[in-house]
Structure formats: structure tokens, C-alpha cells
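Each of the two complexes below includes subunit A, the first together with subunit B, the second together with subunit C.
Up next, the complex of A and B:
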């Protein structure tokens, strides 16, 4: 309609009556309204264009990853590295088993001397506490002592000077006696040295006086220190052994006290007899326990020794493979090197240099290595593997059976280690069986499909970069970290945020609403880097301390050894997601027609029945959308996870069950932020990071898309 | 249909019997008065009474219509009967008493939830819950803790039959209540209200959002329900008042001008304002 009007007004202006004609500012028949419309329309389309550009850019940088990655994997196979890693996997599986058994052994050995170790630990903490409490006096005392030492040095120097001067004074006197004192100069000199001597004597006296003063001071301070130490040790603060530490036996407390009093003295340089004795006892007991557990020890040692033959086999193969890899790399970079030399020759003026460069260019070997030939030494040794692996398996099986029964173990940590060892043993057995087959069937020239290389990325268990062996780009360590952290964050944030939204929207009185809502929404204003800072310094430390408390030890993952963990990151992210989920969920609840509440109340429902049977179900899709958007926010968050998650690139060890949350992990967002600045543009690593970015983008997109769909469904009601 | 009706009669007679024995004032029962309004003043904001010195009685088994121009207080009075005005923080009765079945409903000891179980309400804008038809009708019973499937099934069918909706929806009880037409949704809301078997049903302009055909259906329904329930209906539509009600109260500017038999009000009103209003001179 408006278009035709415009055309008419443009074409046959004269025929339009004055009162119907368009008024005001116009260019080419376009009025101010149209320009405003174009302006806003242009802004909107700009946003869309930028979005498209981002997608295109990501795809352009990332998509080349797959062919490059495929090439890398192919050379990995051609060089025989794949086979070597099959063997390596067996060894790794065996090592896990061995170290679990070893940990159990040492836990058992140390068990007998637990009492002594506790005493020693308590002694050390109390000593540190007392020294810390009397720090000020210690500092002053030390300063005095230093000064005294300096003065002693000075005194020594002065005494030396004095001696020299006295000698000098004596010598001219002797000479003067000989020469009958005929020279005035001599007299002058001796007078001079006499004056100096007097000066030195004065200085010595001053230093000595000062030293006396100092001695008095030091004595006073020592007295003071003694008193302070006595006060300190009587206070509870000194006996604060840290969260979760065992208390020493009651009868040893007096002796610990005495030892501390003895040690917390400026002149003490030997350990108190009691401590020496306890140390001795601990050592003896350990030795005795070790003697009793010789069988155990030998078994563990045997397990360690069993792997040796295959280990040397592995390292032999590895040498060959490294050589092969070098050959292949040389071949793959040859054309480039040649090209660079030719270009260099072209640009050089000096004919001699030019000739040399051309020669070198021609000398570059661009023939493809004969893969059959370079792999021949590997194939030669493949048959050995079956026997080695079978031996290792049989030996380990035998030794594993020879390990003590779990019921024979006396410490909890040893039993736990054995639990892990059982899992590891099973894994090891399976791994050897599987890999024996793999090694047998391995062919360097077996075709590698692009699909296989894509799965190697998506389901790859390693992300290893800048390695001299081979770079692996596997998504799983990053994906599992991201997902675990997100799930923890969601599990914590959703109940809090939704409950808060229900409360604020439905239950809270007006004044409280006006306070709680902005307060929760304010959390969103905290910069994530600040939150990460808080996570490292305050929250992580507190969490770890709390995890040491004894009666909390049933919580999976407690006590935690690390400060930067999945749990820590997850909880902080939950905190960040709460305002997002809260705000959107509250909106959803707000959108429930008030008439529904009225209807429900008029039916004789109570307020709570109305909330839970009518309002929340009606707003449910909105709440779900809120949760999904919160999830999107969590998955995309970078700073907090980079700072707090611990950044260990490894798939978390799920054998610990829920305790897995106490481990550090790395995330997809974190790895991009951390590594992108350091890699060569256009390298495989660079492209891999882009692909990780794309995966992240797809996850966010999918989550947002689902959220929109759910929201739409909600709006229909 | 007739068998269901007789069942319904039985159902309603039982509570009446128990109620009369437990009722505090026997003479109220005898005189058949269900709602008694005694010199009531009401204010939404303190000091500004919107109802002034209202006194009236509503009889059992009758349809009582409240008419009057907009803002005259008829809906406000209706919402006093089940204390829906409690939702507005400052609203309160400032004078007088409202007694339902002989009890002062603004007594501090009255549980408003129990009151609303006895005094149901149908609103102007039909608002089924976003649940299935079945769940909508069963809602009232479910919040009272009834979980037995057979009881729920029976009540749902009975109520839908009484609301004249059973034949239309019996094949799609699990479909959303929001998928019905406007008239059906309003009848669903009525079915939902009568499922808990209240003694009194308050209707706040139940047909104002409906088309003429649906309006007719609902009006017929009201006439049928009269046998089992005491109904108070607020309406803007004077013809509707003449069609459905036995007695009519005319409100003007917060005052009850006149209340009498519907035929008398419309044919021979005793007050001049009433005559002016029904003859269309204002309002």
C-alpha cells in the first residue's frame, strides 16, 4: 500500500490535492520515518551479519583441522608410533596397578609407627605455632644477635689494628734508639701512630661498651622470650594442630611441651632427647613392620620388576619409530624447504651464494621414504611381543594373587588402594589381551579413513601438545571436565535459584521482594575474574580445610588434597548461574495469569497448594528454559574455570565414584583462553583450538535453541 | 441424565442434614436464609467505604441476581461472601457482619480455606488450569487429599454431566482444558466448582465473555443448578437477570437500593433509581 502511494507521489505530484500530499522533509519520496526505520533496521541486520561472519570465520579456521589432523594421524601410523603406543598402554596400565599396590604397602608399613609420627607431627606444629606467636621478640633478639656478631667482627679488626699500631710504635722506638733519634720526621711519625693508637683504643672501648649493653639487652630479651614461650605454650592457640590433624596421645603432651620449650630457645642447636628418641622409635618400628611384611614387599617389588623386559622392548621400538618419524617429517617438509631455497636464490645478488643455494635446493631429498623398509625393523620385532605380553600377564596375575588379602590389611587407606588395584588389575588384563591382538594385526599401511580421524578427535582420550613424540588432539578430557563442572554447577544452582524465585515471587512480602531480588541480581555484576580470585584464595582454601574435618569424611572425595578442583569450580559457577536462572524463572512465574491463582484459591486451595499445583506447573516450561539458559552461561564461562578448575588435562578418574569432583580438570573454554595466544597461527594446534571453539559454539547453540523452543511452548499457554 | 441428577440430590441432601444439626442458630435454618448481610460497610482503602450499610438475605435454593451500573459495589459484595477480598492487603469490612449458614465469616476463628470449600466461585473470565480436562475437575478434590481413583472418576463424570459437558468431552478427558471453546471452558470451570459440592456458588458475570449461544447454554445450566445449589450471580445484563434469577438486588453507588422478587423489581420497582436504571435512563 505505502509503496504504491510513494510511486504516485513521486510520479504525478501535481494531481494530488494539496491537503492529501505528503508533508515535511523528503528525499526521493522517502520521509524522516523511513530513514529512522532504515537506521534501526540497518543496526539489526548488522548484528546478524556479524553473527554470520563469526560462524564463517570459525568454520574457515577450524574446518581445515580435519584434513591436517588426518595427515598427522596417518604419519603416526606410517612411522609405527601407533604400534609403540599399544605397547606403551600396556606398560601404563601395569604401572597404575603397581603404584596402587605400592601405596598400600607403605600405608601398612607406616601404620605401626603412627603414634610416633603423630607425636612428631604435633611437636613440629606446636613448635612452629609457638615460634610464630613469639615472632616479634624472636625478630628483635635475632637483630640484636646479628649486631653483636657484627660488633665482634669489628672488635676483632680493631684489635688487629691495635696490635699493628703497637708494633709500629714499638718498632720506630727501637729504630730511634738505634739512630739516636736524630730525625724529626720519625718523631712525628711515632707521635702520629701514638695518636692513632689512642683513637683505636677509644673505639675499642666504645665497641666493648656497646657490646656490654647488647649483652644486657640480649639477656633481658632472652628472659622475656622464655616467659613468652611459657605463656604461648600454655595457650590453646599453640596446640592448634591444623584442621583434621590427629591429636598426640595424652601422656606425650608434657614431653612435647618440654621439647618445644627446649627448642624454642635462642641457643638451642640440638634436638631434645625426647624427640630424638621418638624419631628413633619410629624408625625402628617401621623397620620391624617392613620385616614382617617382607612377603608383601617382595610381591610389590616383583610386580615392579615384571615389567622390565617389556619396558626395554618398548624403548627399543620407540627408538626405531622416532627415526621413522624423522624421515617422514623430513619428507613432508622437503618441498617447502626446497621452495624456500629457490626463492632465496632468486632474491640473492651474489652469484656464488646463488649457486650454493641452488645446489642445496637440488640436493633436497624429495623422494618419499619407503615405508615398508623403514618399518621392517619394527615388523621384525613384532612377534616378540606376544610372548613378552603373555609373560607379563602371567607373572602379574601370579603376583597379584600373592598379594595379601584385603581383610589382612589394617589401614583404611591401604584397603582403599587395594580397591583401586583390583580395578586396575582388571583393566591391565583386558588391556594386554586387547593390545596383543592389536599389535598382531597392526599394519603401517592400513587405510585410515577421515571418519576414523574425526572419531580420534571426538573420542580421543589425550590432549597432548608440543610433544616430541606425537601430538594428540582428543576432545574427551576437555569435554568431560566442562560437563562435570557444568553438571555440578547446575545441580547446585537449580534448586537454589528456582526455590528463591518461587519464594520471592509467591511467598515473600512486598518489602522483602524489593530487597532480595536486586540483591540476587547483583551477583551478576561481579566480574568473573574477581570471583575466580575469590575461588582460589578464599573458597578453595576453606573448602579444603572443611574437607579435612573428620566427621565429614563420609562425603565422597573428602578429604581433598587439592585446592583447585572440579567441585570448587562447579560451586563458583553455580553461584554465577543463580542470578540468570533466578531472574528468568521469576519472570516465568510472574507471567502466570493472576486469575489462575484466584481460581485456585476460590476452590479452597491453600497458598502453598496453589503455588505447587498450579503456578509452578504452569510456569514449568519457563523454568526449564531458565535452567537451560543458565546451563549455556555455565558452559561458556571461561575465567572462573581457568583460574579455579586446576587445569589438569586428563579425563577425571571415575573409579573414585562421586569423589571424582575432588580432582582437578581442564575445560574447553579454559584451554582456548590458555593456549590460543601461544600457538603458531595456522598450525594444527591452532586449528584444533578453533574446532574446540566450534564444539562449544554448537553446544551453546543447541542449548539456547532448546531453551527458545521450550519458552515458546510456555508462551502459548 | 436423570439418574445422575437424583444422585446429585442425594449427595447434596446429606451435607445439609449434617449441617442443620451442627448449625448454631436453628431459626436461620428454619427461615431458609443462607447468606445474611447485616449493616455491612466495606472499604478497599481505609476511610473510603465503597459499600455502605448493606443489609440483605439470600435464600436457599434460589438464584439471586445483583444488578447495577459499573462501580456500584455488586462484585465487591459478592467477593466478600468467600473472602476473596482478603487478597487485597488493605481491604476490610469496617462495619457489620456477614453470616453464612449462621456463622460470621469474618470471625478470626473462621478458616478461609474451609469457607471457600462451602462457597464456590465462577469468574467472569473463564480460566481453566493448564491441565487436562479431567485434572481440572478433579483439582478441588485433589487439594482436599482425595487420591482414590474411583472417587475421582465418579466425581469428574458427575460434575461434567451436571455442567452439561460430559457428552462433549467424555472422549478426550486427557486433552488440555485450554483446547475447549469459550463456552465449554466456562462450563468446565463451573464443573470444577461444583465438583467439591459447595453449598453456595457465586458467579461474577459468568457470561460476559461468551457469545450468545454459549450464554444461553450457561443460563440453562444455571437454572438447572438452582435445584442443588444456592446461586448468587452478578450481571450487567438485565435480561439475563430476568431470565435466570428469582430475586434481584439493585445496587447504586455502594448502596443497596432495592431487593425483591425479580418480577417485582422489573415490573413494579418501588424506588425511583431502580426504575430509572431498568428503563435504561442511566447505567
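Up next, the complex of A and C:
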């Protein structure tokens, strides 16, 4: 089309005349210009259609999730699994209480033998480090020793052969005297065995020579190993005791070194006397401490024992529920199996096979299980629960009261554990009260509305897949991880980005502006996978090391035990969001009318007073929009969180206050990237991931839309 | 800062050296320094990341002797690395193919302490080629649709509520997370997009005959570079449309009016009086698009990328359709694989840092180019 146009415009007739001329090229009354218009219009509608299709296809794959999920939850209820999990929740709540008390107890017991334990721990990690550092020599030595053993076996075999051959050589000689008839043959044979004997002798000599060589090698190598161990043990690397470990007392270091040297010797089988002694000492001290704390111990043991009856009750019920679940599953897959068999029968030629398949198809049981009947054993045992739960509650309450006072505890970690135990105890009490009611009221045939199953997804606390019990799809662990990481990122990014925007736009001299602005915009181009890579290999380790520094221990969550945490991901995402927020905020500041600034300056305000009281407030809605868009970018970021957030599907434990940032988490974007490649197309899990994608889509649309609205408001000023 | 200033209102004093003004100045200076520190802290962080990657990555890519570049790194695809000691006390690091050769050459050699590290040997030719192909497909598709759409929106469409809504929708879609585009690409291009086949698959949404023995079947393209390229194209479509429209809008109305007044047709006006001046802006937009697309991992994870592939794309295909319908390795996905999906050790480091270094330099070059062009043309074009 453009060619025809070019010809026309390049023609001899003047352009003015052309536009008044009747158009030559027309189909159905449409000229070339109309076709060009339609071409562009068509492409534009294609683009718009594609963008609409995004919603359609997300919905197409995802929307069936709700009915399927509803069905799954229904069978969960019909099978009685729901009831069993009520009991399970009580037990879990109790277990966390018990483990907190238990941790406190062991912290107290180990308190006396701390010195010895530190020495033992240090010894173990130094030994591991040294072994790691001298791995090569170690490996070679082992290889030689192996070869030597092989040679020894071989030598044994050869010696046996030799014995046999010598006997064989002797026997014919003796026999020769008796029977001369076969002399010729015998001579032959004995000559043969003599040759063999010589050969074997030669081999033996060779093996022995090799063994000698090996012995020399081994001698050399073990000398070398000893030297290397000596060098290794003197290095700092060997004394890197790992995260959060205490240094052993100074006077024991030499002895630890000696013990490691002793252990590193190739022939060492037993432990060094020093280590044995320290172990002995630690054991003694622990026993003594435990004796003093018998009351505490008994209480803790009592707590553990108290849960036993309800635990066995729980496992009994669980068995019934599993059976029920199997029945229900069998029923729900029956039509499909039957259909498959019938189809197979249709496609087979062989009449016998066909008949067999038809028979099997007819044999498929498609009657619905009688839910009342299969749940009867569960109902039978429901009344027991109230008493069991009440007993457990009373017993635990009594035992909890019997625990020592916090003030009696001597170690910090025990006191902390007690703090947690208090929270857990309260939770446990509430849980039992609530669930006793729930168990009493539970009915397998209680109607489950589609709305309820939707809430079970949105507010579900578990995301458990591929489990043999029941797959839970709850959004909360993912959503909370995503939001927590985004909030940390925003809290860090906003001050820096806005400060940089103010600086570049208002304070910096012209030359500096021209350097800083492109430089920060340049950061935006760093691919997210590169940042994630940096986080996993460099930043995580650095952050953990920084968190070990003593004078930083007041920072919540420090010292951190993990490399891949919410904090790590949050900080990297903050770095990613800075250019976005910076650029937009700078734009907003730039758009503030010059008259406002001039007026303020003319009134005698200083430059910075003008900036903070006139310019920034005026540009505030633009800055808010920038922050919102930055949030949108962070929430949707995939690779960084997939790589560095730790990928643990659990709602972050907020009992630690701000220390929650040191935990790993999982995110909505991360879970899609991680799991979508591994699930079957069209399965419930697959659909769940698409729904998570839809939630993300909605969040980002909402954020963007709000940002646009805020911007529009700003432009009206 | 705000409150400090509020608490002590500045009294107007005739003496310019009075203490209060002095305090104000000092506070001003302090805040300035604070702002400057925040700004340079950001740059320092960026500098630290670049420095770390360059320091650790450059030795892998460059060599001290001729030809100064590690040619093997650019001419081979990723392979498994085998690290072993032989009985004579020497340690070796060989790619798997070389290792097999070594074993054939030295059948008697006793091998001790053998470790394999997947994807840590060889080079990055496969991923580089894959990323280039994906980017190419994406840019061709996205520029074609994006340019025409922006021309329509800016030059042809009538102003009104509907068009404003379309613009708002496009703006909003620019902020949708890339992984959502990945899901969409999987749902549309991999599973539903139409193909011409001899016999339609059972899985197809629907299909109908178009030629004797040929069917148009909506069964999707499967995991392939076409699907990946198209997904990426859809992802940057809003960005490209917005950027192109922006550069079209910047052309003064007078150009068009003058052209039309001279009797040029609408298309002549657009092609002669508008597009040539909008061209630099559009070029900048497309380079920006390349930068974004080349760095994306999430959209190609399920639609195109493959961690391991023995042959390069042109070695495995026998027809044009076959060429585009194979999956490829891609740099970002390769980096994700070596960074997170294989056990870490000192032997995987060179591959990790080498790939990240090359990848970052490539993307950064495009980014720098687009930033430079924007600044350059903004200065140059004046009307």
C-alpha cells in the first residue's frame, strides 16, 4: 500500500491537485487511505484484544479451581478428616508448649557443662574443617590404602595358587614311580605346572615389590598429611566455628589441636584421651545438674506424657478417616475408570479381551458410599473427646503451674523459651476450648457453601501439596510473605529514593545532576536474576556475618542463623525499587510550578525550607504515586524472592516481634515459579497456582489504578 | 527535620551574623549532607555489586595471553564438569566429553575423588544464542504491533472516553508482574495457540480442516522459542505502546497541519512529516524494550527455557517451523539454574560469575545506549 502511495506522491501531478482529485483506487467505496487506517486500527484492536486475553486465559485456567477445591474440601469433611484435624490442632498446640518447656529444661541442664560442651563443639568443627582442608591428601592416602588391601587379597590368592601348584608338582613326581606307562604325559604336566609355578612366583614378587612401594608411598603421604594438618590447624579457617558458636576457653586450645592432630593420623581409631575426659566431665556435670532439677524434669516429662491418651485417640480416628477417604476417592474416580474400560473394550479386536474388559467395567462399583455408615465409627468415639480434652487441659494447666518461676531460671535462652511457652500455653488453652466445641458440633453432612471454600482458600493458613492426608491450598502463608517482604523493601527504599530525588532535583549542582540521574536510572536495568544471584552468593553471607557482630545484637532478628531470609530479600528488593521510585518522584518534583518556589524564596525562606515546606508537600501526591508504583514492582518481582527469600511455606512467626525478618518465607510469585513446572496440567494444584497468579494480577492492577488516580489528582493542582 | 524548623521560628534579624541564622545555615548544611549521603549510598551499593561481579567474573572471561578472551567460554554450551584426582597426585578439571576422552586415552589411570558439577563446565554459547533469538522474536513482534497501535492511538483515533480508558488499561498493564505474563503465555501460546497439523491432537481446544489433509488445530505451540518470544512481546507491549505514543505526541501539531494544508494525504503526512521525527524516540523505546526483555526470567521459565540442551538451535531443526518450535537455553534461566538449582562449590563459581558478568555487561550496554540516546536526542531536537 505504501508503494502505491509513493508512486502517487512522486508523480508529476502537483500534490494540491491530488488531494482534490477523485481517488482512483477504490474497493467498496474505500480508498487506500481507509485501508491504511484499517490496518493501523486492526493492529491496535489486536493489541487490545491480546491484553484482554490475559484476563481471559488466567481465568480460563484458574476459575475451575473453585469448584474443584470445593469438592476436595467437601470430601475432606465427608471423610471425617476435618474432625481428626481438630484433634490434631490441639495436639500441635500442646506440642509447641511442651517443646518450649523442654528447650528451657535442657538449657538449664547444659548450663553447668557449658565449658565442656563448647570445647567439644569446637573440637568437632575444627576437626571437620581440617579434614575438609586436607581432603586431597586424605583421599589419596585412602586410595593407596585401598589398593594395598586389594594387593593383600591378591597376594593371598597367589600364595594359595602357589601352594596348590607345588603340591601338584610334587604329586606327579610321586605317581611317576608307580606308573611308568603315562610317563610322557606326566612329564608334560609337571613341566607345565613348573612353568606355572615360576609364573606365580614372578607375580608374587611383583605384588610384593608393589606393596613395598605402596608402603613407602603411604609412609610419605602420612608424613605429608601430618604436615598439612599442622599447617591447616594453624590457619584461621580451621577455627571458623560456624554461626553463633562460642570460642573455647584459651587454655584448652592447645589440647584441642593435639586431639585433632591425633585424630587426623591415618591409623587413629580411638578418640584422644583429652576428648574422652572432657566428654566424661560434661556428662558428670550434666547428671549433677539434672539431679538438682528433678522437679523441673518431672514436670516436663509429665507434660509430654499428658498428651499420650489423646494422641492414641487421634491416631485411631485417623485410621478410620483414611479408610473413609479411600472409599470416597474410589467412588469419585469410578465413572472415569468405567469409561476408560468401556473405551478400551470398544477399541480391542480380540473378543475375549473385550468381554473381560466389559465385565470389569460392569464390576466397577459406582454406588455412592453411605456416608452415615462410614462415619459411624467416628461418631461413636466423638463423646470420648470431651473428657480427654478436658483431662489434657486440666493436667497441662496443673503442670504448667508447677513449672519453675522465670526468676528461678539462670540462662537467657531458658527464660526466652519460657516467654514463648507462656504464649503457647495461652494458645493451647484457647485451642482446646474452641475445638472441644467444634468437635461436639461437627457433622459430616453439614453443608459446605462455595463461599466457605473460597474463604478457606483466601484465609487458609496452610499450603500443603502432594500430601497423602489432604492437600490444603491456603493463600495466607504466601500473601503474608509477599507483603512482609514488600513492606520491608518499601520502608528501606522510600527514604533513600525520595532523599535522592530531592537532592538531585533541588540541591545538587547542574553537573552533578547530569551524572547522578542517569546513574540511578541505570540501576533499573540490572536484571533481577543477577540481583538474586548476588543475594544468594554474596549478600546473604555478608548480611549473616554482619548480624553476628556483637554490638549489633540489639537489632531485632540479629544474629541471624540463615542466609536466605525475609530481610535479605527485602533489602535487595528495596535496591530494585529505588530507581522506580526515584524517577517518578523526581518527575513529580520537577513538575512543581516554578512560581511556588520563587514566591517562597522571595518571602525569605531558605532553600531547604522551601524544599521541605513548599515543594515536597506540593509534589506529595506524585511522590505517593511513585511509592505505590514501586510497591507494585516489588510485589510482582519473582526471581529475587525465588532465589533469596528462603522458600519456606509457613506464615512468619510474629511472636518474635520485629525479629520475624530473620525467618525464611515464601511468596506468591515464588511459588508459581517454583511449582508450576512440576504439576500436571489441569490438576487442582495447577489451577491453584493460576488463581494465585490472578490474585497477583488483581493486586497489581489495584495498585496501579490507585497510583493513576493519585497522579491525576496531583495534576489538577 | 520538619519539626526542628517548626519549633524555632526564624526571627528576622538585621544582623546577618546573628547566631540563629548561623544555626539555620548549619542545619541546612547538615540536611544537604544527609541528602547527598543517601544519594551516594545508593550509587555505592550499585558500585559494590558491579565491582563484585566484575572482579570475580572478568578473570573467567578474559585471559592474560593471546587472544585475551576465553574463547572456549563463548564457543561451547554448558556441560557437566568433572573434577578428579589421578593416582599420580594431579588434579584435573574436565568437561564431561573431555573426561570420557581422557578415560579412553588413559585406561589404566586410577581415578580418585571424582566429583561432578552439573552445568559448571563448557561455555555459554547455547544460552547466549537462545537469549538473542528470544529477544529478536520478541522485538520484531512487539515493535510491529506496538508501533502500529501507537500510530493508530495518536494519529487516527478520535479523542474520547473510550480511548482514555484504553490508554488507562494499557498503562495499568505495564505494571502487571512478569510472572503473570508467564502464566498467560503458558495458557495462550503453549496450550491454545493455533497450529497447522496433519492430525489434530485430542488436547486441542477445537480444530477444523483448512486444506485437504491439513487441519488448523488450537492445540498450542508447546514449550518453544516462539511461545517465549510472543510472551515477552506481550509483556513489553504496553511499555512500547506508551513510549512510542509519547514520542509521537512530542511532534508539534504544526508539522501535521502544515503537511495536510499542502495537500498531502493522511498517510503521507504520517510517513513524511511525523514518523521521521519520532524515529529516535521509537528507537530508544525499542532498545529499552530489549533491555527489559533480555533480563526477564519469569515469563520464559515455563514457555521457552530449558536448562540443558545438547545442540544449538540451527543444528536440531530441519525446517523453518521446526526451528522456531524448539525450546532454547537462555542466559537468565541459565543463571538461575547455576545459582539456585545445583549444589554450590568452588568449581561452580567460574561458570556462575562468568555468565553473570557477560550477561550483565550485555544488558548494561543496551541500557546505557538507551539512556545515552534519550539524553542525546532530547538535547538535539528543538522545535
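Note that the second predicted complex is superposed on the first by the 507 of 717 C-alpha atoms of A that agree within 3 Å, B and C clash if a C-alpha of one lies under 4 Å from a C-alpha of the other, contacts with A are read in each partner's own complex, and residues count from 1 in each chain.
Following the convention adopted for this analysis, a residue touches a chain if its C-beta (ideal position, glycine included) is under 8 Å from a C-beta of that chain, and two chains touch if they have at least 3 such contacts.
Please read all numbers here as calculations on a predicted model, not as lab measurements.
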item: Which superposed partner A:635 touches (first subunit B, second subunit C, both, neither); value: second
item: Touched partner set for A:617, first subunit B, second subunit C, both or neither; value: first
item: First (subunit B), second (subunit C), both or neither touched by A:609; value: both
item: Partner chain(s) touched by A:598 [first = subunit B, second = subunit C, both, neither]; value: first
item: Residue contacts on subunit A - larger count, subunit B or subunit C; value: C
item: First, second, both or neither for A:673, with subunit B first and subunit C second; value: second
item: Touched partner set for A:520, first subunit B, second subunit C, both or neither; value: second
item: Intersection of the subunit A residues that touch subunit B with those that touch subunit C; value: 604, 606, 609, 613
item: Of all residues in subunit C, those that touch subunit A in their complex; value: 1-2, 5, 12, 24-25, 27-28, 31-32, 34-36, 38-39, 41-43, 45-46, 49, 52-53, 85, 87, 89, 91, 110, 112-113, 144-146, 148-149, 151-153, 155-157, 166, 168-184, 186-188, 191-192, 234, 237-238, 241, 262-268, 271, 291, 294-298, 301-302, 332, 335-336, 339-340, 344, 352, 356, 359-360, 363-364, 366-368, 371, 375
item: Residue numbers on subunit A that touch subunit C, as the complex places them; value: 2, 5, 9, 14-20, 32-33, 36-37, 39-41, 43-44, 46-48, 50-51, 53-54, 57-58, 60-61, 135-136, 139-140, 143, 147, 495-497, 499-500, 502-504, 507-508, 516, 518-534, 536-538, 575, 578, 582, 604, 606-609, 612-613, 629, 632-633, 635-639, 642-643, 669, 672-673, 676-677, 681, 689-690, 693, 696-697, 700-701, 703-705, 708
item: Residue ranges of subunit A touching subunit B (in the complex, touch as defined); value: 593, 595-596, 598-606, 609, 613-614, 617-618, 717
item: Residues of subunit B touching subunit A in the complex; value: 82, 84, 87, 113-114, 116-117, 120-121, 123, 125, 127, 129-131, 139-140, 142-144, 178, 189, 192-193, 196
